[in-house]
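The first chain written gets the first letter, and so on, giving A, B, C and D; residue counts start at 1 in each chain.
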Amino acid sequence: MVPISYYLVLSAILFACGVAGFLIKRNIITIFMSIELMLNAVNLTFVTFAAQWQALSGYIFVFFVMVVAAAEAAVGFAIIIAVFRTRETLNVDRVNLLKL
Amino acid sequence: MTLNLWLIPVLPAAGAAINGFFGRRFSNKMVSAVALASTAASFAWALLAAIRLLGMPADQLPYIERIGVWLRSGDFVVEYGFYLDHLSMIMMLVVTGVGFLIHVYSVGYMGHEGGYYRFFSYLNLFMFFMLTLVLADNYLLMFVGWEGVGLASYLLIGFFFLRDSAANAGKKAFIANRVGDFGFLIALFLLVKHFGTLQYTDIFHKVAEFSPGIESGAGLLTAIALLMLVGATGKSAQIPLYVWLPDAMEGPTPVSALIHAATMVTAGVYMIARSNAIFSRSTTALAVVAIIGCLTSFFAATIGITQTDIKRVLAYSTVSQLGYMFLACGVAAYSAGIFHLMTHAFFKALLFLGAGSAIHAVGGEQDMRKMGGLKKYAPYTFWTMLIATCAIAGIPGLSGFFSKDEILWQAFSSPHGHWAFWLLGITTAFMTSFYMFRLLFMTFFNEYRGPVAAQHTSHEAQPHAATASAEHAGHTHAVPPPAPPTNAHDHGGHGEPHESPWAMVVPLVLLAVLSVIGGYVGVPKALHGGNHIEHFLAPVMPTITAEAAGTAHGGAHPEQEQSQAAEDSSLELTLTGVSVAVAFAGLGLAWLLYVKRRDLPAKIANSLGGLYTAVLNKYYVDEIYGAAIIGPLIAFSTRVLWRGIDATLIDGSVNSGAQGVRELGDSLRHQQSGNIRSYAGWVTAGAALVILYMVWMGTR
Amino acid sequence: MLREASLLLGMHDSMNAGMFLLVAIIKIAITVGVLLTIVAYSVWLERKVVGHMQNRWGPTRVGPFGLLQPLADGIKFILKEDLTPPYVNRTLFILAPMLALVMALTSIALVPIGPNITVGSVTTPIQITGVETANNQPADIGIGLLIILGVTSLGVYGIALAGWSSNSKYSLLGALRASAQMISYEVALGLSLVGVLMVSGSFSLRTIVERQLGSPWHWNIFNGGWQIVAFFIYLMAAFAETNRIPFDLAEAETELVAGYHTEYSSMKFAMFFMAEYANMVTVACLASVMFLGGWSGPVFGPPILQSLLPILWFLARVFCFIFLYIWVRGTLPRFRYDQLMGFGWKFLLPLSIANILVTGLIVALRA
Amino acid sequence: MSHLILFLIFAALCVGGAINLLVQRHPINSALSLVLVTGSLALIYLLLGAEFVAAIQIIIYAGAVMVLFIFVIMLLNAGAEEETKGSRVAILLGVPGLILGLSTATWVLATRYPGPGSVIIGQLHGTAPGMGRLLFRDFLLPFEVTSVLILIAIMGAVVLARRGSD
């Protein structure tokens, strides 16, 4: 029998890894992956609590999160491609013109 | 049955709107067509309404036409509607009629000016507001018209706004009127406070319910009346607020004729007459009105004697005539006041138009010393001017004679009257006849003293030279040998003085006719005429005889009335004789000084010395005002309000705030590095703080 | 421990854990063996059929009718030198074919091939993931179809990684085409199956088949008179999913030498080869399960025959399907890439959505 | 017991994949490790009894989204990521904040949810019919809204990625 807290801690660790990726990675695609990782961590918490309270609505939320993630992936990649087309780079440190 | 009174003001408004919005694209003919059509239609409808009103049975009067509710707050309701009784009927007819004639005149007079459509749009606008003022059925709507005519007068005085003097005159008029309107407004507040309504009928009934004893509510009524009087002095140019009217002569002459002689300036008189129910209840107020009117008339007349600018002379005479009307109202002889108002509208409008025609004749010159001998150049103008002068001077048989005599007689005889009033009045009458004939002689008699080839591109010597028509451009290269003006309306390109076009002459003639016959509606009983106008106005305002002789019209004590009437008439006859004598004396003196011995006036002026210069400079009233009121006001506004409060306090706080925000932004700006990861760092730190806070909240 | 594991794998309490695991392993072994054989001989079949279509003989040398040709090929693949070009990403280069093959083989595990079979004292459904419930009723994973779709969709990684890791433009282009094409046609494939799911109302493949047992009119392809549309959508999407002509743009010989497996040789190449054919088999199985009534067919004769006939019917369907594949390959030319995408997105997708709508209407009216 | 073991295995896979995602220089390796994470997460869902969620996790994440990632990586031919000196803020502010938040959250979760909660595959409750019933009855409106969202996302992607104005 696995305590529910294990799952939650696991999701916390995954989420932290996502945030860390966002902080330290320079490739915009990798950063995007880190976002997906965070979303997955959140899904894990949803599923965990759904399993604990025997409530299906948690799964519904997971479903919606996935849908949003897919949509975000589509738009995000379109943006990445547009940026790459103009800036010829995927390094976010080089894409920093939006400032005063 | 409905008279559709609303049409009467709305028609000129429509004209104003059309000309104002689209006039720029119209041709001059089109513009004048619109303006004249709207005014004429309004006049025609007014006539129709008047006839149908006379057909009404007395119990239906006053005829009130309610349009709807304007504003409603709590139980205080103001409707807008129109109120037609004999008083407003006379005013309405005068305004529309004279207004129409002056429109016709303006077509000829303004023909060469720039902003033609603008002029007529303003003129129609004025008509609209004036009719609103006259026909309003409550004080608030009247106040709307009151302010509106002020606005129109401001616009028209400053019509040649490129000229500083005109613009300043406009402002002066506006501000002086503001002072008066302030009083009027407070009077309205008092009315709302104590009567809870502004409808004429309700107020008059409530006032009538006061016990006849003057004491009850006398203080209140006196206050209201005096505040109204302040407003009236502003609008009708009485002491102390008369100073704007002479400067208002900067406007085009038709404007001076219409607004500053015939109609607008009489609004004050109309207002007092309309509120006679209130005024009659307060002897104090009546006395003040009478004194102010009396002094104003005398005072302005003295100034008028010395002026040399033809329009200024007329302006001061207007002030003094208005003073007469106030005197009449002051002695509770409202009908006499209205009577004089009517006749004065006729002949003073005629005088102004004639003066305008004379100015037109000499191509823009306004100084009488540079005129003269126009009799042979502009015969129509001369004869009409002669009639008008006789009328105002009180030569028997003309309109001015009857009305002015009526006022003088009432000032002497009415229970509110006093012999001093009569004395000042008769002196004023003498001076009036003197300076009017002086004007006539200086302008039309002797030889022409002006420059032959007039360099003016237009009458007002205003800088619209570019817009002047080819005719006036013709003035500049004119041939010196003057040809006698064969055809009066020929407006040809020679520098000679010349008669004005028909468009200007016809109104002169019509007004002349009116100034002659206008008086016969009010021939006093003493001259074996039934004082029609007095009876006519009786339902609106109680006549003095009625008050004095109890129920005179009821004919309760015929023989008493007979005797009363008999002695009255004998006394009245003698006074009439005196005034006639005075009028002719003025005529004679003027003839002596300005036709026979033309060196005398200078001598007299020198002998008088300081007094003369003082009078010539209008008693330095403007200067005194400037020093006493305007100067300190400007100083206060500049030092305290502007430099102190506005610049230092408000601007300072705003600017310093903006400065601080900018500096803060400058320091924070560098955090926006454009690097996503640093933003992520901020977000992470913030999220960590939020988590800590929530945990802390949860754990304690 | 062992017991818990077998419980996790879906064993029922009434069974002996050891026996359960044994049975499972045996089933896996048999299935894989049969599958690989089918794969090998479908290659032979293809060469034969295409040969005859092109007026050739096809393989004849090795054994009668060249029946031993697949064996020879296998030996050749094993014995050939396995060369790895330089400048490739080694790990992925090696990982890719394994991935492809593993995914291809995994998906077969969920396909129900037949009803229960009884060997001695043991009775078990003919399906690797199938278990027997308490009342001797065969059951399988409730979401078998979804798992199959997931696994097949994972198959694309093999191709994509192969193309990318072998660091050659032909491979890369092939991989790009393959991944885009597979993602696009997965949509149509899944949506075409939705209609069937609505009709039969379950994700469990076994349940779906049991719903259409009986006369051919119970088959989903006829059921409701509409799913035939879904069937054709599925057919085309399946061709694209398996990178077969006319959709084999990932390995278009004429344009990209051999597409994503240009750089591969010997056994790795063989893995891709097997993966492709295994996928064909899987798709064929899925088609027969979803549309063609699975193992339904006349059952007669002695008990042993009775338990084997359903497998026969099932394999017959699969054979027909594979023959269809070969037939089409021998007949149709290859699409252009934009035509491929346009066909997938602008024709198949709307059609499948329309199919879902109509099916929903029919189901609603029927209920 | 074996349940715990399985969980630990898959959890280890998850964490390992996540950390690998961080340390790998080349995006495609990161992508593959993310695939690993999603796959093992699916299995963990299965351990939690959410079979449907597990399936769509595989199909959507591993099967579609991650393939899209690899597709884009290959399309843009993204090389190993270069060493640019990033923002000090991210390091000085982000990492401490991250560690702080993680430790706090972990502590709270570990101390606040001690209750044993788990399921065995025998009693699945995240089944497709239940999900469907919930999704198309109670959550119908959100479902439709997400479909609209997807549509808009597709159009936006097309507009963004289309080359210039042609």
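Following the convention adopted for this analysis, a residue touches a chain if its C-beta (ideal position, glycine included) is under 8 Å from a C-beta of that chain, and two chains touch if they have at least 3 such contacts.
Every value quoted in this text rests on a predicted model; they were computed, and no experiment measured them.
In this assembly, B is the chain whose CA centroid lies farthest from the centroid of subunit C. A comparison of the A-D and C-D interfaces places the larger number of contacting C-beta pairs at A-D. Spacing of subunit A relative to subunit D, judged by their CA centroids, is 6 angstrom.
Measuring from the averaged C-alpha position of subunit C to that of subunit D gives a distance of 28 Å. Between the Cα centres of subunit A and subunit B there is a gap of 81 Å.
Centroids built from CA atoms put subunit C at 104 Å from subunit B. Contacts with at least two other chains are made by residues 673, 675, 677, 680-681, 684 of subunit B.
Shared contact sites, meaning residues of subunit A that touch two or more other chains, fall at 19, 23-24, 26, 93.
Shared interface positions of subunit C, defined as residues touching 2 or more other chains, are absent. Taken as a graph of touching chains, this assembly has some other topology, since it is neither a line, a ring, a star nor fully connected. Touching subunit C in their complex are the following residues of subunit D: 1-3, 6, 28, 32, 35, 51-52, 55-56, 58-59, 62-64, 67-68, 70-71, 73-75, 77, 120-122, 124, 127-128.
Across the complex, subunit B is touched by residues 86-98, 100-101, 104-105, 108 of subunit D. Residues 3-4, 7, 11, 14-15, 18-19, 21-22, 27, 30-31, 34, 37-38, 41, 44-45, 47-50, 52-53, 56-57, 60-61, 64-65, 68-69, 72-73, 75-76, 78, 81-82, 84-87, 90-91, 94-95, 98, 101-102, 105-106, 109-110, 112-119, 125-126, 130-131, 134-135, 138-139, 142, 146, 149-150, 152-154, 156-161, 163 of subunit D touch subunit A in their complex. Those residues of subunit A whose C-beta lies close enough to touch subunit B in the complex are 19, 22-24, 26, 31, 92-93, 95-100.
Across the interface of their complex, subunit D is touched by residues 1, 4-5, 7-8, 10, 92, 141-143, 146-147, 149-151, 153-154, 156-157, 160-161, 163-164, 172, 175-176, 179-180, 182-183, 186, 203 of subunit C.
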